[in-house]
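What follows is subunit A paired twice: with subunit B in the first complex and subunit C in the second.
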Partner chain A sequence: MITKDAEKVAPVTPAPVAEVPPRRPRRQHRAWDEVPRWQIYLPLSVYLVFTLVPFYWILLFALRRPGSTSLVPWPLTFEHFEKVWNERSFGTYFQNSVLVGVVTLLMTTLVALAGGYALARFDFRIKRGFMLALLCSQFVPGALLLVPLFQIFAELRMINSLGSVILAETVFQLPLSIILISTFIKNVPYALEEAAWVDGCDRFTAFRVVVLPLLRPGLIAVGSFAFVHSWNHFLFALMFLSNQEKQTIPVGLNTLLSADSVDLGALAAGGIIAAVPVVIVFAFIQKWLITGFSAGAVKG
Partner chain B sequence: MAQAAAVAKPPAPPRRSRASLPYLLITPAALLMLGFIAYPVVSVFSYSLQHYNPTKPWRNGFAGIDNFVHAFTEDPLFWDTLVFSAQWVVVEVGLQLLFGLALALIVNQTFVGRALGRALVFSPWAVSGVLTSAIWVLLYNSQTGITRYLADIGIGEYGTSWLSDTSTVFSAAVVADLWRGVPFFAILILADLQSIPKDLYEAAEVDGASRVRQFFHITLPHLKDAIILSTLLRAVWEFNNVDLLYTLTGGGPAGETTTLPLYIANTSVDAHNFGYASALTTVAFVILLFCSMVHLRLSKFGGESK
Partner chain C sequence: MTHLRNKKISNHRSRRAALAVALGFVLALTATACGDDGSGTGGDKGSEGSGKGEIVFWDNNGGVRTDIWKEIIADFQKANPDIEVEYVGIAATEYQSKVDTAIQGGGLPDVGGVGAAMAAGFAAQGALEPLDGRLSKSSLNGKLNEAMVESLKSAGGGEALYSIPTSANNGVLYYRTDLFKAAGLDEPTTWDTFYKAAEKLTDKDKNKFGYTIRGGAGSIAQALDAMYGQSGITSFWDSSGEKTTVNDPKNVAALEKYVGLYKKVTPAAGLNNDFTKMVAQFDSGTIGMLNHNLGSYQDHVKAFGDKFRGIPQPTGPGGKRVQVSNPVDGLGMFRSSKNKEATWKFIEFALSHEENSKFNESAGQVPANNEAAKDEWIQQAEPTKLAAAALTDGSTSIVQLPYYLPDWNTISKADNEPAFQKVMDGQTSAKEFLDALAHQLNKAQAEWNEQQG
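Up next, the complex of A and B:
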């Protein structure tokens, strides 16, 4: 009787003896990611204070009344924004910056797609030289070429036209974009394109129908970097656009910064206007960004 | 290509793909780069051998190596700015790497709020140099900046202006640039950290290696390439970048924070001394060329790009 019962019960509740005894003391058994919580949260909080206080500071100055020294932006006021947008022409600067950013994005992506495809899919005589030129020109600083660039644009009668800034931004964005896009294209199996040829597509159609959709994450990364860089960059616009109506947001910010007595409220509001599109771009593309983030971040 | 050839019956490329197609495809990029990078570089070299100043046309003409001789022997500002550039690059890149590595290790852990933590930590990365200047001018402002509130609680004195005092301006500028530079390293190193196979750590656990030993024997060796590459890229970038210092300090006070590129910009834009500025640019190029050769050597140019 007793033995029978024991046999019945045994499979349902396994004897505690059957459990594997811990081979090592608990401290050593800890997995890699089981770091004491305070070792994560303490340094992270300290660093976050350093990161976030400056952001809070600019919001504070933009939103509190002029002359106020309160550390809380209350009561809220938008007068700094109105002033900067209307009196300090940030409305015009904003339009110019959007135009420069969008056209730079389109040109960079198109030209880099063509170049990147050639590098990824063909072996041709000057390929190595072209690659070397791309790698080296990443180190050529636009800031050191301001004088000859100015002369070229003067020769082309493009000084004071947004075209000069768009061209310059595109050119200095190209090397990295081509290298990135060619890497992305290499990751798409060539066999996919060949299959499309067999089905009667020509090379362009095969590329458009088969490869392009797969490149979407990479193109979004490259395009948004081109946009953000041209949006943020200010030296070319400062040099090539002397006409106030043609200037861009960073130049406008610099004008506010270099005034004899800086209007801090206006500066803060202008800074936030400058930051908004970048924030929006990154919020939208975040899910695609991981692919291109590490590679694109190289450019700084 | 080899894969395609290995297939028994490789599909024929469509009719319109000619041998000239790759050349056609790189033409726009090549033309743009020839016209707006290569040609300006060449013209900088040729100007460097000339006296060229549009405001003093009577002195224009061939100068030989006069400009270089002047820079190296008669221009103390050149040496000052060169030394400051080196100081700036070493301090910035060193600190950014240190903090970036620490941050990457932290946000690579699993913890509650990690996604938000990462997003916030990385956020200054996309902020432009001019905007960084604007933010830090607001913070450093002597009347309503952070020093006023620190003085309120008894730290420091009222009316302190870190940006106009020669003893504090360097640290003040370094901190401002760190603020937006650290995320660069944190992002790159985090991406590389994630590619380290987890079982390496598990094996180390089994062998009883401490976390410190795991860091020095697994993590650091694995990160070596990424660290070398990003350090060099960042060094070149920090050397070239004039946005922040131009707008934050203007190279001042009293030229204390003028880097070589900033000095070049001032020489050409304000003083119109294009010949001399071009000679200085050539010197900067040689320095950069040296750096990029080191970079290409270390990143093994010609191998598959990562």
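Up next, the complex of A and C:
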């Protein structure tokens, strides 16, 4: 503003400028060049060692023969994987975990979309109280609600069914998901929806055609959170499912630790089976995930 | 007109989409539902039932024992075609919390693993069926190890037998015979030879250690074993039965000596060692000796073949061996069972000579069935044979830990494991630690005595 006023008072005729070759944006390059490479690579290497050595250890135990103390997994063996997949029912646990993860992802995302839209676009009397309740619900640990949840699911005849785990996971993930999605929706200009209405869309169509495509990073962030959390969550599956055929991967992993002996090879192989889907999910979505987090972090 | 028609079509689409989403939810939950009502809480009294139909069995050490239990169940169903047993393997670490939740919320099984460490807690909540009457009329009467039966009866509060013993574990000192031979050491049969060997086998520069100590989960029971083993005190309570002997000066001195091993002849990581880490350290080949129980025997066989031995704990003053009791494992019937007759048939079958022998051979533990304890496989499994002998031939005094105290698990785990780490780390003295432990135990014992009248 000050600059604009000053220009109005005393317009300045631009002085003839000698032709200068366009400057390259060298500042960044200089900063990079001035830092010795070792100062960048050394901390990164130390960090990588701390991160990757445990993974190497898991691979080592999973791929080397039972009883071997070699630091290199050679000759390779897949017998631990065969054992946990076939003998320890990890094939079944894997299918159950996929079902729980995918259905939780879909339900969480869809309900969070509806709830988030309502919070972002409508004003209603208990809106602030509702937001506060959503935030407060995050402070209650799941373990505290185990017995009441168990009794509710028992009344609904849902004990020993994957539906109980899916429902519990969805309910526990919704508060954070709704808050996140509502922030994303607030960042989409309302005028875009209004323009769609003018063009003949109703509210739902305008949302579906105009707003929804812009929410992709947010949906991916919320969906991946829901999937990974339900994939890794142990407590609800342990408590609500008793039938062996309905157990999930985290519970299966736990059974590899007995009261007084442990098969580290099988445990490592089970750990890799449990980690692979999460790694794949993050490898594919990391681009959108980072966009999603940064978009949600800054209020527009 | 066109605009109105478009709006109508759009509204129809919206409704269809909303309907599809709602239908999707219902279908998803229906497809994954079809569960049960999880009935059976701690307060249910259950019923005898017809002696036929389905019963549910919760294994308290699921995973490693799954195969052998499925084999026993298959044998049982062959012998009793009108009874079906549903097996549920639950990890040992989560078993108590799962049962406790089911006692409060419902969903208890008909039969489950009930070891000495859990019997008091479950019985106090009224969840277990007394089994004395059934046992006295059973073909098993007189055929089970009397000490194990007494141990479980005492663990359940002493008034009734809530769990029929299946097996006993015992503390074992594993040592590497190849390393001992190379160092010219005698086998560590006494505490003196144990300490000497631990020192001689340690070469920190080469990352070799004589011993690995348990400083993480389960540390208290192991420390008590070392204390009473060295002090030679044979009872957990003094003659009045009201004051514990854990802080007796002899035990304090024994703990000081034992904790002195930490970092001197053990890896520094021992501070956080639970049994998993401790066994993994020993099996990595850099450790000379390990105190654990019979359960890890097969892990060491895989790692070393015949280059190790598992012997009973070293002897103390006057050549006397003193050990603390290891929890006896067993099968309990839950009071809420609606088919108690069939449940008892299963317990009886699992405790029969053949099945109990089969189970313990697989688990590497000492059978509760006296006939099974004489079977050939025990003679071939050296640590089990020695443990069975130590438990039965009178050469060993067993200090009975107070599993019957409802607070025992809390006192011996959550309350004092972090405090024991402080002793290892030199922040607290052994005497301060044992005095505080004794105070808690005496208080719990007084409360227990008061409840018992």
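Basically, the second predicted complex is superposed on the first by the 247 of 300 C-alpha atoms of A that agree within 3 Å, B and C clash if a C-alpha of one lies under 4 Å from a C-alpha of the other, contacts with A are read in each partner's own complex, and residues count from 1 in each chain.
In this text, a contact is a pair of C-beta atoms (placed from the backbone, for glycine too) under 8 Å apart; a residue touches a chain by one contact, two chains touch by 3 or more.
Predicted model, so just to flag it, every value in this text is computed and none were measured.
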Clash-or-fit label for the pair subunit B, subunit C on subunit A:
clash
After superposition on the shared chain, which partner residues are touched by A:T69: those of subunit B (first), subunit C (second), both, or neither?
both
So, does A:L167 touch the first partner subunit B, the second partner subunit C, both, or neither?
both
Look at A:W57 in the shared chain and tell me whether it touches subunit B only, subunit C only, both, or neither; answer first, second, both or neither.
first
Which partner does A:N243 reach: the first (subunit B), the second (subunit C), both, or neither?
second
Let me test your reading of the model: by the given contact rule, A:N232 touches which partner, first (subunit B), second (subunit C), both or neither?
first
Given the touch rule stated above, what does A:D123 touch, subunit B (first), subunit C (second), both, or neither?
first
Which partner does A:T77 contact after superposing on A: first (subunit B), second (subunit C), both, neither?
neither
What's your read, subunit B or subunit C touching more residues of subunit A?
B
Between subunit B (first) and subunit C (second), which, if any, makes contact with A:L264: first, second, both or neither?
both
If the shared chain A is used to align the two complexes, which stretch of subunit C, 94-102, 328-336 or 400-408, clashes with subunit B?
94-102
Do subunit B and subunit C land on any of the same subunit A residues, and which?
69, 146-148, 151, 167, 201-202, 204, 239, 254, 256-258, 262, 264
Please output the residues of subunit C touching subunit A within their complex, sorted ascending.
3, 6-7, 10-11, 13-14, 17-18, 21, 24-25, 28-30, 32-39, 56, 58, 60-67, 86-94, 98, 101-102, 104-107, 109, 169, 275-276, 279-280, 283-285, 292-296, 298-299, 302-305
Which of the residues in subunit B come into contact with subunit A in the complex?
1, 3-4, 10-17, 19, 21-23, 25-26, 28-30, 32-33, 35-41, 43-44, 47, 99, 102-103, 106-107, 109-111, 117, 120-121, 123-131, 133-139, 141, 144, 146, 148-149, 179, 184, 187-188, 191-192, 198, 201-202, 205, 208, 211, 214, 229-230, 233-234, 236-237, 240-243, 246-247, 250, 261, 264-265, 268-269, 274, 277-278, 281, 284-285, 288-289, 291-292, 296, 301-302, 305
Per the contact definition, I'd like the list of subunit A residues that touch subunit C in the complex.
66-67, 69, 87-88, 99-100, 103, 106-107, 110, 146-148, 150-151, 153-155, 157-164, 166-167, 200-202, 204-205, 208, 238-239, 242-244, 251, 254-264
Of all residues in subunit A, those that touch subunit B in their complex:
24, 28-33, 35, 37, 40-41, 43-44, 47-48, 50-55, 57-58, 61, 69, 71, 111-112, 114-115, 117-119, 121-124, 126-128, 130, 132-133, 135-141, 143-149, 151-152, 167-168, 170-172, 174-175, 178-179, 183, 190-191, 194-195, 197-198, 201-204, 206, 228, 231-235, 239, 250, 253-254, 256-258, 262, 264, 267-268, 270-271, 274-275, 278-279, 282, 293-294, 297-300
